[in-house]
Amino acid sequence: MDKLDQKKSVIITVDNIKFDYEKQSILQGISFNLKAGERVALLGRTGAGKSTLLNNLIGLKFPQKGEIIIDGLKLEKKNIADIRKNIGFAFQNPEDQLFMPTILEDVMFGLLNYKIPASIAKEKARFLLDKFGLIAYENRSSHELSGGQKRLAALASILALEPNILILDEPTNGLDPAWRKKLAEILLNLPIKVILIASHDLNWVKKTTQRALILDQGQIQLDQSIISLFQQESVLESYGLPLDW
Amino acid sequence: MLKLSLFLRLRLSLILVISTALIKTNNWSFLFIYILIALCWCIFLKTPIKILLKLLGAELILLSLMALPLGGEKAGFLMVRSLICLLIMNSFLLSVPKYHLSIALKGLPLPKKMQEIVILTGEYLEILLLEIQHMEISAKLRSLNGNSNWLRYISAAMIGSLYLRSLDRAQRVYDAMVIRGYNGTFPLEIDNNKSENFMLIILSIMVMSLTFSSYKIWIN
Amino acid sequence: MHIPDGFISPPVAVMTTVISAGVLTLSFSKMGKDVKAPVIALTTAFIFAAQMINFPVAGGTSGHLLGATLAVVILGDPWVATISISTVLLIQALLFADGGITALGANIFNMGIVGVWVSWLLVTTIQRLLGGAKKRLPLAAGITAAISTVSAAVSCSLLLIISGTAPLNLVLPAMTGTHILIGVGEGLITGSVLRYLLATNPDLLPDDESKLDKWLVPVIGTLLVAGVLSLLASSWPDGLEKVAENLGFIHLAENVRVEVPTPFADYQISGINEQIGTSISGVLGTLICFGLAFFMTKFISRKSA
């Protein structure tokens, strides 16, 4: 019984995946599990392959080897639409995620795609924009927003769909300290099963996650609790993650 | 003052332009009516006159290159008629805040598929134009004697890499849309204001009959 | 080449609008199912942005890319290219007051339909004529771009003439003359952009075409040359002198002028003004030549291969 429970609570299984770009091997056998209730940081130097790994997790790229199972479904072409319904994914560059004439429409985009009535979608979108301090900009174009505001608008457009699983690629880039704090509070209060965050923002990650994976040389080099990781400054430094920089 | 919505302004401008462009050639009296209408439009929209004049001046050179060889009254008429159209359209454009042009595109009466492409194009135009500016600046910064060498950089490599970058971006935008449930139909919610539509229909009937009467179909 | 408002007559405006709307509707139904809207939109935005880059032509004037051939090659589908170029023109007319609203149909007709389809007909034909290898694509596209630009200009002049806006002997040589120069620029840019793409991302471009059968090479070569010459001949009812004189290229013109034998050389379409007849038959001759060449490369040699 105990064992079954444990099995059930695994939300994401990554089993020995390998991914190459044409000229370069990026992921060379990556395995890990993420369980319900976990908030996990994916750390690693620039170019380590964090974004590539996240793209593999939501089927934007397919690993050449290995398999990924999410919520009991194997990640493959025929399951992809079902799997993505439960995942919120924030791109490293928020501009890729804002493509409608106004940010209100950007936030409504996903809701309308899933056939939520326009009036309800609008109400929800405005609620989220308010939460992210953007309500004054609802009818503006994303080009009029600052880098940080774009980031927040992109996050709002993802959270609108109330995903079970949240995957964020460098979510604090471009945010000021006040918003880094606010974003942490928002994320910690979400009713979400699993959060995976790729980041270099060590201090922020320390406050928002419990477990860290370090990606380097195409492999997960380290998988341990955030607290113990932060006691090993030299280890962090050796993976290109010096503290206080 | 009466404030018209962006869409209404766009549609009204389009109707005015179309009806002006279709006035019978050399029917000056009707042209004058439209000059008055255009001026009212331009005052109503509070167009900044200085910028407007600059824009029209530049256009005038082009128009006269096209029309003047024809000579005589006809050339004059064609030029004035075109200028009125430009006056109307530019007044509208100058009344729209910079980034709201792609919002205005939403109000176009276009088929759905076309509208989707037009809107997405409008969105990304902004970014690509900025990209060109950046490339231009960085090319200038890297070249020794500034401006003159810039021409060498505009060459193939610049346009080519612009294309590569846009393609990359297109893929990522598509991915972002798919992740949020896009399956080929673009959800667009357009406010349809009934009283505005009614006003629009009445006004278009009015100006169109004005234009028709320039052909003196009913007179004589 | 953007016709402003008020320069074409209402019947021409209506006719071209109807034709263009029809072709666009057809394009949407014919384009490949897996073409993604953002990819069309961003290619369109790219063409638009590339048009903003000016290059010097001659005597202080500058030209810019029109992009029909480039669009056809990188999109690989004439239907999508028509959609793309039409979108560029629509946005230019609406948001930049460049090209008239009532002339939008006409401008789409010239650049989005004539420009695009001439490009589509010619580009693979010329590539195969040149041996078919992928590395010949930039050259083939360059030549195509020049010809399609001139074709679009001729189509534009014809619309102005039919509208009664401008007399034939004025507009046709002037438009064609300048667009031959612009066409050369267009060809150079299109060719070198594709050469750049070939060097950096060859996968983005279409693959090798098969080589033409030996006996087809001279036939198609002759057809294409005849097509181009009849296009030029039809545009010069009064000879090139006028433009050439204006542009100071009189000596060049002397050397270029040739007696051209075309099937339509002495043919007048009855009922129309004599000079229009000449140029329309020139255009028809061109279309027939290009069409034949396209047909032969596409079908005859494939069967025999």
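The chains carry the letters A, B and C, assigned in the order they are written, with residues numbered from 1 in each.
Assume contacts are C-beta pairs under 8 Å (C-beta built on N, C-alpha and C of every residue); 3 or more make two chains touch, one makes a residue touch a chain.
Remember, predicted model here, so these are calculated numbers, not experimental data.
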item	value
Most remote chain, CA-based centroid, reference being chain B	A
Most centrally placed chain - per-chain CA mean versus overall CA mean	B
Leading chain pair when contacts are tallied as C-beta pairs	B-C
Distance between chain centroids, defined by C-alpha means - chain A, chain B (Å)	40
Centre-to-centre distance between chain C and chain A (centres being mean Cα positions), rounded to whole Å	48
Approximate Å spacing (C-alpha centroids) for the pair chain B, chain C	25
Overlap residues in chain C, where contacts from two or more other chains coincide	38
Sites on chain B at which at least two other chains make contact	105, 119-120, 122-124, 127, 169, 173, 177
Set of chain A residues in contact with two or more other chains	99
Touching residues (chain side chain A, partner chain B) in the complex	58, 60, 81, 84-85, 87, 89, 91, 93, 95-97, 99-102, 105, 108-110, 112-114, 118, 122, 139-141, 143-144, 157-158, 161
Chain A-facing residues of chain B, complex	99-100, 102-103, 105-106, 119-120, 122-124, 126-127, 169, 172-173, 175-183, 187-189
Residues of chain C defined as touching chain B within the complex	4-7, 9-10, 13, 24-25, 28, 36-46, 48-50, 52-53, 55-56, 65, 74, 83, 87-88, 90-91, 94-97, 100-103, 165-167, 170, 174, 189, 192-193, 195-197, 200-201, 204
Contact set on chain B toward chain C in their complex	10, 14, 17-18, 20-22, 25, 55, 59, 62-63, 66-67, 69-70, 78, 81-82, 85-86, 89-90, 93, 101, 104-105, 108, 111, 113-114, 116-125, 127-129, 131-132, 151, 154-164, 166-167, 169-171, 173-174, 177, 186
